[in-house]
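Structures for review follow.
In what comes next, subunit A is part of two complexes: it sits with subunit B in the first one and with subunit C in the second one.
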Partner chain A sequence: MFELNSVPKAKENYKATQNACKLCSPLGASVAFKGFKGCVPLIHGSQGCATYIRRYLISHYKEPIDIASSNFTEDATIFGGDENFKMAVLNIINQYKPEIIGIASTCLSETIGDDVSLFVHHFLDKHPDVKTDFVMASTPSYQGTHIDGFHEAVSSVVKRYAQKGLSQDHVNLFPGFVSTEDLRLLKEIMADFSLEHIMMPDYSESLDNPVWDTYHRIPEGGTAKEDVVKSGSAKASIEFGTILNKGKLSGRVKSNKLSRTGAQFLKNEMDVPLVNMPMPIGITQTDAFFEELKTLSGNDIPEKYTKQRGRLIDAYVDAHKYTFGKRAVVYGEEDFVVAMAAFLDEIGIELALVATGGESGMLEAEIKKYCPENKDKVVVREGYDFESIREWSLENKPDILIGHSKGYYIARELNIPIVRVGFPVHDRVGGQRIKHLGYSGTQELFDKVVNALIEQKQSNSPVGYKYM
Partner chain B sequence: MPNKKDYTNGLPDPSQLKEEMLAKYPRKVAKKRSKAMVINDPEQNQEIAANIRTIPGIITQRGCTYAGCKGVVLGPTRDIINLVHGPIGCSFYAWLTRRNQTRVPEGGDNFIPYSFSTDMQDENIVFGGEKKLKEAIREAFEIFNPSSIGIFSTCPVGLIGDDVHSVARDMKAELGINIFGFSCEGYRGVSQSAGHHIANNGVFKNVVGNNDRPRKGKFQVNLLGEYNIGGDAFEIEALFEEVGVELLSTFSGNSTIESMEYSHTADLNMVMCHRSINYIAEMMEEKYGIPWFKVNFIGAESTAKSLRKMADYFGDKELSAKVEEVIAREMLKVKAVADVVKPKTEGKLAMMFVGGSRAHHYQDLFTELGVKTVSAGYEFAHRDDYEGREVIPSIKIDADTRNIEDLVVEKDENLFRDDLVEKKAKLEESGYEFKDYKGMMPDMQKNSLVIDDVNHWETEKLIEFYKPDVFCAGIKEKYVVQKYGVPLKQLHSYDYGGPYAAFGGAINFYNEMERMLGTKIWKLVDAPWKLEPEIVGSVTVDA
Partner chain C sequence: MSNYLKDRESQILTKGNDAAEISCDKKSLAGSVSQRACVFCGSRVVLYPIADALHVIHGPVGCASYTWDIRGSLSSGPQLHRLSFTTDLKERDVVFGGEKKLYHALIELIDKHQPKAAFVFSTCIIGVIGDDVEAVCRKVTKEKGIDVIPVMSEGFNGTKKDGYKIACGALSKLVGTNNDYEAPKYSINILGDFNLAGELWILAEYYKKLGVEIISCMTGDGRVEQIRRAHKASLNVVQCSGSIMHLAKEMKEKYDIPFMKVSYFGIEDMSEALYEVAKFFKDDEMLAKARELVTNEISKLLPALQPYRQKLEGKKAAIYVGGAFKAISLVKALRLLGMKTVVVGSQTGNAEDYKLLKDLCDEGTIIVDDSNPNELSEFVKLTGANLFIGGVKERPIAHKLGLGFCDHNHERKEALAGYVGMMNFAKEVYASVTSPVWKFVK
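Entry: the complex of A and B
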């Protein structure tokens, strides 16, 4: 039914994008806002943005996700969205009594030049008794990808609340766009190190709820604003991701002297030391993370984790013959593919192609830095879409695809396995619960990758061996 | 699972529920929403407020104009490259999300699995995106060699003044294929409905009538407003084929632009989804004299009725006999399943809030299972879809509707079918009805609650009040409703199931409802160590 047309002529530097490998900025902002307690996201634009983004997030998280819209019509577009904005805010407050309304702008509101902070002032002048806070993220989708929106929203919350104070014992954790299971794992790790932490954002509960006997209009969970206030007096910030929103097409802030992320803001403005590292996937990167926790907490690495690490290495040893020399295509968000590639590099998988829809200009250098085994042969592509990935794959015949659901059609056409990781995973259950980080997350990834390769071999073997 | 109510003596009066729902709104909003909620009385001519602007800040399920134009109407057509002009999000979100299926003949084009975007960046917004659009069109032409390309404008395009129509004209001249643009920026209308209208206009202007293909069948028809979600159109197509009716084109499930080009040579248009496609039916009648009537292939009885109506139109004995033969054969199969399922579903309660016709059509399927529809509404329909087409002259044309071009259609002197006009007049004399959509409300029970553009807050109150056994909507509502312990059936994407159309589809749906309504999963919700019996099974809402 979905047979594809024959391979298009190879052509680099397409102008148009065919089957994009990135999503738009307000989506990332909405996810990040969901990670703060009592926050309702409001997308300031036409209603399709909120509807599409909800539709998309819900297909991955399989949870109620309320995102409000200011529902622009033609006259709002011509005369400005002030009236719609005020009405939207009033209705959100009446229905949800939120602590925070997290506002993400859109290409529509940014193009007409709506000044949302002015609208907020107007609104508060008229309604002085309103207790809800407003946080604004500028997220036109013609600037960067959903990852830029994500970091923009997190940093806008930090800038709004953080207060400078004497350095205390707690640490800030900026995990980046990871799964709800990853967030839960990080919390567990921090607790095991007896490290008090503030995670920004924390949507581990709000985007992955248990069944309820009381309906929660705003799901429980999320980092409280009172905690964000304290982020300014933390002992240190750990920030996952080395590319973040630093890229040349990312955001309006072009000067590297200005803070782009929450962690950088805390460093620059409040002297909170910043430890920046790739997401901890694979032994090497997880070791680095645990070393850091050891230093920050003054505690030894709990035995639980040394054992996890030991088991993981044991598994690496046992299964290296299935992974060694296999050629993988890895795609997705930049920081995520860096970490994923670093892990694959470690288990002897050849990085045939590492691709992203982002255009930071930094990916190749980062990949080479964190993938010592592959650094001379890896092909790294920024601004790539799935048709480019497909075309490349048809020509170069990789053994496995590693990335989110959107690459499935390529794996199907090539009859090779795909290991679903990252976001979005909407053709499987449990996409939100995939664990990627730490020794235990790496263990799960490793088993999945190896088993996918074994299954491929087994299915295509004339014998169908029942033992490996 | 909420406790079940006994509605054997008719539905309860939901006046108090309505008041409760409205109490949360600011006064002006309450006044507006009040008009969009009707406590149904099929004996009365009641008026509902529909197709009016969504209230900002209320979580609507509605989409935008672009979604209706690209996603709904043109999305399912396989041989056109749908190029989205704008930043990346809009194209990405409409990429295969509606599960339209299509059957590609050997060597035929199929661009449905692709999402094309000009992926506008900062500099395109500042300096204009026409140049990039032209390059993207050239590129698409060079790589895929399509016979037509549609350009879909997203929000910023109208604002920065890119003229997609003039680009389309230029590129059409340059490349020699059919290229046309749609001004379907998301903010243009109150919902996706505006996008349907824009798509209808564009297809009628640029596609319909391009090919006066000679007749191929004795009875030539088009099916309008069937989008082949989950393979629905395949079921219907098989019936037409078996009874010997030539289906020229479907708008737009399992369709091609090529087939739409000669769709004006049909003898009859049958309209499934009245909301999204009635414009083309009307315009084809004005220009070519092709009559249309409403059909419904959702539900076994409705399918039989629609097939009979089609046979009666042609007045051909052989055709009628064949239709009766197929109905008799299929109804036996349907009945065999219904006999097993109905005793288990009888008396259960359903609600449905979806689309511009599905909330009506699916009531037929539920009726066949003895399931009562206690509340229903559309997302983006107009008053005529609720109250019937006779109210059309009394619908106020507001600024949002005036935004959308109303095409002036003139009679095509060469191709106009006087014979069909005559046939229609004759049939009408004998009581046969054309343009006959009576709307949803007359078909619903007294005291059922009809709500247009239902939102999250109202959905929650509805579930508390009615405690339905099944709630039909889409993925956006799915997990909200299921958190209440009520199963939700997706009627946009069918939860990856289907087809549900025609006889085979009805059987699928019965089986699905047997499973869904009989599921025991909710019994596990309360853990055994939870001893407070008054809490078990109750559902409340905080603040």
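Entry: the complex of A and C
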């Protein structure tokens, strides 16, 4: 019973979250599962979890995204979700005939203590002829953010399939939560280096389909489980993101095995060397990525990319005055924000505020590490929500917002431009196709940032003008 | 219909082929990828448009993130409803309880935003970890002097429809709490309009012309103070009956306010609504005004629709929306455009709705309750539909298969109610069905 005298003074500076700058972990897990061939995500919880997440993803990807739910009832909540789980699995198999069912748990199923692996065993005992594989990710939404869910799902697939073997010539690529266009770019780069690779996950096709003649219950694309098997015998893993699901893992009582990513698992258990680096946005980080590829492939950097790099530097030079000293607010997922900030740091932007809803405890150090120009003055905030970003911005008057579409209302109120990057982009078309990575992705970002600043100046000019 | 999950067969019928009544009001089948959401969703959407109330979601972050600024419910004043507030529970709170966080969150947010009332939504785990949300609400009510109303909407506790009922319960705690108000002679409440794209304002204009005052709308452009005095109205006019009928019935019992079911979509239903209200007040002058308004609007609208009808005549439409009553109006509105409904379904229709639909539709029309992407895509193919009317989750299914699409969701930016709404509807259907892009799809 809640008692009057049991309420202490507002301790540990607790504040309600207003307009969260993060999502819950089953969302990230669902995206990651979509990046494996023949996989249908199943969210083990109430119907709403799956439907809300579908709706949120559909509004970004503009694709049909089927995510099943075990659709908890009151009985399931009291007596356990075993029956619902079994029924869900049967119905998914009947409808979708999936190779893999990727199960993401929820706050509900974890709180009542459902043991999903036991349910799977029960199910397979009763249905020995079922050929579908099961992969389980523990993703209660009270732990971490959608990014934790993403890495947890990737890691669960790797743990399920990877087999140790003699080191071969291929490499593993763990791109993190990037756009479908980014994934396509990475594949192209790997091909240009003649590097055979296994990308985990790869939703470049499954979340960005062409039009169809008939409905594809499971969209094409995704990394095949047979390939994941081989990830244990890769020459190396390249993993983008330096924070990943590490750190204090917001609100987690104990740190546990979840804090490992797929790449780290392969390193620890199967001796696959790990190259861990920020997402390649900007010249410095893209250079680092290409250097790695050069080493791993033994091939020179293809001329196509040296030219892209040259053009990008040329563009930096042509437009350097428009970006210099402009004060930006950058927000979003931690690793993405590190990479964006590193790029903006290169072009003379002042990082006024770098904010995230995540709470790894690592963001400030990473930002300072990768943003040499800004390291002495940048303001970094973790566990921030959009109202905090708004209040900060009203007081500190930045020139530009750089992040996903949920920050739009702040830009509108301040009458400053917003450059939409990352996830989600719900108020524009093409959000899923924004290219961020590599020289060519950086080129597109650079043009967008510069033009947003120019447009702002032009629109607010009393005369308007026809030349820059 | 052997292509569908066996346990779903009773929720699908084809008029003319299947004699039995459709089965509905069932929980969604696990693993079926239902287009429905949960209890919380039902409560959240109904209360969402109350613009001067604080809506706090008690639970981990997801439910608040996914429902931030989710509806196109416009407010003529405060915008508080468009913000997303949550206690953002972490693992520690799940172990030790979230009551203190909830208490502090409410105090902080009420001080900051000065709302007229607060709704506290319990999400799934709240019921499980045993937070005494009601006690916290009582305490904050006492301290802050505003109604802090618990909405016990744990997602697993039924279907979206149960969430509607819980929301109605929350509303009924406010209704009747202001007795000082003197209602004008002809006054109504509008129930079940959510002022999407400003639709309430269109209706308000019509009612004003009839001389009828709207005391409150629940919940479009809603205000706490108006809801408090809603019991002074002479009549409840109910649209979207699925979501708000419980409240209408309760107000009938408690305050003896009669209610009537109406729809504002399409010429027929819109006109019917105005006539019915005028007839209720037994005022000849009002009825004459209604006739004048209807005649006036229709004489402008029908010729304006003609060019669209010419292009759309004979095209086939599939409808899958939240409420079945809306689907009924859409079938009629499509007929006015010369279009035939070949598939019609809803997430939450009841037996009565489906009977009406069955009577209304042509032979061969597929009628479905609580459908899913696999079924909907099959139906569309089977019937050769040219247009799909639905919400966010149906849009990519239609587009992927090369069908036109009309947004009839709750985030739409085009008003579809009233006569002007019918015109917008025709334009949107026309724009989608006759776009040149389809030639590349086939």
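Assume the second predicted complex is superposed on the first by the 443 of 468 C-alpha atoms of A that agree within 3 Å, B and C clash if a C-alpha of one lies under 4 Å from a C-alpha of the other, contacts with A are read in each partner's own complex, and residues count from 1 in each chain.
Definition applied: contacts are C-beta pairs under 8 Å (C-beta built on N, C-alpha and C of every residue); 3 or more make two chains touch, one makes a residue touch a chain.
Treat the numbers as computed from the prediction; the structure is a model and nothing was measured.
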Joint occupancy of subunit A by subunit B and subunit C, clash or fit: clash
Which of the two partners, first being subunit B and second being subunit C, lies in contact with A:Leu23: first, second, both, or neither? both
Should A:Lys97 be classified as contacting the first partner (subunit B), the second (subunit C), both, or neither? first
Touch check for A:Lys62: first (subunit B), second (subunit C), both, or neither? both
Regarding the shared-chain residue A:Met87, is it in contact with subunit B (first), subunit C (second), both, or neither? both
Look at A:Glu74 in the shared chain and tell me whether it touches subunit B only, subunit C only, both, or neither; answer first, second, both or neither. both
For A:Asn276, decide between first (touching subunit B), second (touching subunit C), both and neither. neither
Considering each complex separately, which residues of subunit A are in contact with subunit B in the first and with subunit C in the second? 1-2, 4, 8, 14-20, 22-24, 26-27, 42, 45-56, 58-59, 62-64, 66-74, 76-77, 84-85, 87-92, 94-95, 106-108, 111-112, 140-143, 145, 209, 211-215, 217, 357, 387, 409
The residues of subunit A that touch subunit C in their complex are 1-2, 4, 6-8, 10, 14-20, 22-24, 26-27, 42, 45-56, 58-59, 61-74, 76-77, 84-85, 87-92, 94-95, 106-108, 111-112, 140-143, 145, 209, 211-215, 217, 250-253, 357, 387, 406, 409
Listed in rising order, the residues of subunit A that touch subunit B in the complex are 1-5, 8-9, 11, 14-20, 22-27, 42, 45-56, 58-59, 62-64, 66-77, 84-85, 87-92, 94-95, 97, 106-108, 111-112, 140-143, 145, 209, 211-217, 249, 357, 387, 409
Touching subunit A in the complex: which residues of subunit C? 5, 7, 27-41, 56, 59-69, 83-95, 99-101, 103-105, 107-109, 123-125, 127-129, 131-132, 135-136, 139, 155-159, 373-374, 377-378, 381, 392-393, 395-397, 399-402, 441
Subunit B contacts subunit A in the complex at 24-26, 29, 53-67, 83, 86-95, 97, 101-104, 109-122, 124-125, 132, 135-136, 139-140, 142-144, 154-156, 158-160, 185-192, 399-400, 403, 456-457, 460, 474-476, 478-480, 483-485, 525-526, 535, 538-543
